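Have a look at this one.
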Amino acid sequence: MKYLDMTAVSRRMNFRLFKNKFAKVMFICSTLFGLIMLAILIARVFTQGIGWLNLDFLTGKLSTDPDRAGIMGAILGTAWLMLIVAPVTMILGVGTAIYLELYAKPGRLKSFIQTNISNLAGVPSIVYGILGLTVFVRAMNMGNIVLAGGLTMALLILPIVIVSSQEAIRAVPQHLSEASYGMGATKWQTVKNIILPASLPGILTGAILALSRAIGETSPLVVIGIPALLIPFPSSIFDKFTVLPMQIYYWTLDSSLVAEYAYLAAATIIVLLIILLILNSAAIFIRNKFQQRF
Amino acid sequence: MNTSMDHNIKDLIRKNKESQKLPKITEKFMPILLLIITSVSILTTIGIIFTFLSETIEFFKRVSVVEFFTSTTLKPLSQDPEYGVLPLIAGTAISSVIAMLVAVPIGLMTAIYLSEYASERVRKIAKPLLEILAGIPTIVYGFFAFTFITPILREIIPNLEPTNILSPGLVMGVMIIPMVASLSEDAMSSVPNALREGALALGSTKLEVTRRVVIPAALSGIIASFVLGLSRAIGETMIVTIASGSSKNFTLDVTQSMQTMTAYIVEVTSGDAPAGSTIYYSLYAVAMTLFIFTLLMNMLAKYISRRFREDY
Amino acid sequence: MSTLTINKNNNFQQTNIISLKNVQPRETIYDVKDLNLWYGDTHALKGIDLSFFDKEVTAIIGPSGCGKSTFLKTLNRLVELVPGVRTTGLITYQGKSILDQSVEELRTRVGMVFQKANPFPKSIYENVAYGPKIHGIRNKKILDEIVEKSLRSAFLWDEVKDRLHENAYGLSGGQQQRLCIARCLAIEPDVILMDEPTSALDPKSTLKIEELIQELKKNYSIVIVTHNMQQAARISDRTAFFLNGEVVEFDQTDVIFNNPNDQRTEDYIRGRFG
């Protein structure tokens, strides 16, 4: 006697195949849902903002009058902020990655530092804001200037830069450093002349992606206390400043009072998204163009 | 061939070795410098814990721990202030639950589609697009929730308030979809093909293979992605700050405005609370609670994915 | 046994291990005494005693996993890069323990060529100039001379002289390996350690490198690890046979191949020549 009744199996098979088809449609719909939301979001922002986006808006000063308002101050503020964030995170991030990957001996200390870094990567950005407020703005008495904001943002993206730099360094094959050591090169000579140049594209890609995260971050700066007031363009790292996301935040909040502010916010979002797009393209370009195949 | 140089190189190298003191100093100095740089990330953690702890202790000298964790009223600005954190925890919990109700099913199904059903070509297009979704700044989602989703929802639910917890919760869910999808997809793609082929060869449909073989094998990674998504929702600030307002309601009614822990922190710091006031210290007590919550979530996610990892 | 006619020293009449003493005495450059090495708990090298002689090619043969590459890396202390390695015993280089000199100094005098060609991701020129540069030679004219001379010595100059500033990864596998040899020659070491330098190459490139080794022997002492016994027979003056981390036999190459003293050596060589 047969255990399987083939007619019953094939009768059930139709139902099983139908379930499979149905599920597949559901899975496709889910995937499309995310993509459609992305499309709606971008379409919404563009239809609202594009009409307000012109040269006067880009180069103008902040104003409470929607027709005269411009975002040059916020663009400059973002640029000044990056002037702090980029070098500080690069030095700290790459330095830490070199230490962990090439100098630290495996053991308790190394795994403690590594765990600490991965935990820091999961800390909400607003927590960094409070740290910056307490340490830089208040304890060091800097006030809410570019330097304080930049250092706060640098600490926020530091774990990302460290981890991506570590990956880039780890990707440099052992036989390259062996060849260098084999010629009598010292450790630092090998690091400086062989390992760092070979891992540079990877390090840069990670750093640019981390920077674009910092450019879009709002909450740490809200907490530090970036004023909603009209302030002059920043011209040094000791000036007060505002950035694009902050401007979006204030205009969105106030759009219930002045309807046009929503359009200004949308126009600013377009500018912000374009900057992020450029940075991400640069990162992808570097990754594809300079990544060595060893 | 020039052989006159034969001993030149050796001699040159030897001479250089004797005259160069700099490399030796660099060699000694660099590890120390790098260790100092590395200590910054540890100092950051110490800084967070130390400042939060000391200010929180100060807060609990003024407000009792019991009141903080059991009172359902938060009225820091009233004449007779009350400091109960429960409304904030409720706001955080409800917005996070709404977000996860969106992100978990859709993220998981997206992951299943990309890992099990989609062709290589579709995957190559869809994954970067989802990464864009993940790369959009949260402030943009806040704008989207407040000026687009809320008005639409108010057409459907007439008694929805202009600021409410529902709309930011939903949008936060959309924001977290890519995170859940990509982490779950990673877990599913690392299930070896041999397992799939074994089940397919017995006449299983793709759906059955996914449900009975792939998901169980990738479960730890999938659950870890949910926990990380939840942690992200708990710590999310701008969407809820913009779209949910600042009413400290202790309720389950999602049509109302509620405040999350993060939004409270923004409100207090934007209000320029004078240092030394109780409301200033309450900031740290709330931040400490938030910090511990998210830290525990992240550690839980790591524990799950490490502890229950399948070895193939 | 097949007839091996590669013998240069005309020592066919020498049929026992005493033959070692009958060759004209050369100075030893490396002396290894009772070397033991552990990877964690694995005893990888057991009581190695060997000597290498000036201006000679010594081949190290043996089945894979017998410790020959590890042994080679202990000679220039590269093995120290592997975590958890422990060694005992004494290795002297030119009469001085290798632990008593700075490791950079030692590796400057002892060059190494690796199993897989590993040029740096730099130009051909920069690859060769790397060694002189890290040792402080900055003068462009001297560097140019060194690069040309080293590339010539490695039989590579004519093939690359028009594209010195192109990336080294554009070269073929055999050319890359000769570039690595040129890079090694640029600091004029006394000894060159070669770790299966032709195992990843086609027969033609292999032949070229073997010719090169014969030429280099005039100025350098060479220790070469190889899994290819014909190669060892063709190019080496002496051969050491490694098995399970021990030296089974060390003698002149023709003795090892024609009249080995130890049964295991004979089995290995016959097995391979089958």
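Letters A, B and C name the chains as they come in the text, with residue numbers starting at 1 for each one.
Throughout what follows, a residue touches a chain if its C-beta (ideal position, glycine included) is under 8 Å from a C-beta of that chain, and two chains touch if they have at least 3 such contacts.
Predicted model, so just to flag it, every value in this text is computed and none were measured.
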{"item": "Contact-richer chain pair [A-C vs B-C]", "value": "A-C"}
{"item": "From chain C, the most remote chain by mean C-alpha position", "value": "B"}
{"item": "Central chain of the complex, centres being mean CA coordinates", "value": "A"}
{"item": "Intercentroid distance (Cα basis), chain B paired with chain A, Å", "value": "13"}
{"item": "Chain A and chain C, separation of their C-alpha mean positions in angstrom", "value": "49"}
{"item": "Centre-to-centre distance between chain C and chain B (centres being mean Cα positions), rounded to whole Å", "value": "54"}
{"item": "Of all residues in chain A, the ones touching two or more other chains", "value": "186, 189"}
{"item": "Multi-partner residues of chain C (each touching 2 or more other chains)", "value": "105, 108, 135, 187"}
{"item": "Footprint of chain A on chain B - complex, ascending", "value": "23, 26-27, 30-31, 33-35, 37-38, 40-42, 44-45, 47-48, 51-52, 55, 105-106, 109-110, 112-114, 117-118, 126, 129-130, 132-133, 135-144, 146-148, 162, 174, 177-178, 181, 205-208, 228, 231, 234-238, 241-242, 262, 265-266, 269-270, 272, 275, 283-284, 287, 290-291, 294-295, 297-299, 302"}
{"item": "In the complex, chain C residues that touch chain B", "value": "105, 108, 132, 135-137, 142, 145-146, 149, 152-153, 186-188"}
{"item": "Partner chain C, residues of chain B touching it in the complex", "value": "1-2, 5-6, 8-10, 12-13, 16-17, 19-20"}
{"item": "Contacting residues of chain A [partner chain C, same complex]", "value": "106, 173-186, 189, 193-194, 197-198, 292-294"}
{"item": "Residues of chain C defined as touching chain A within the complex", "value": "76, 78, 81, 83, 104-109, 111-112, 114, 116, 118-122, 130-131, 134-135, 169, 180, 183-184, 187"}
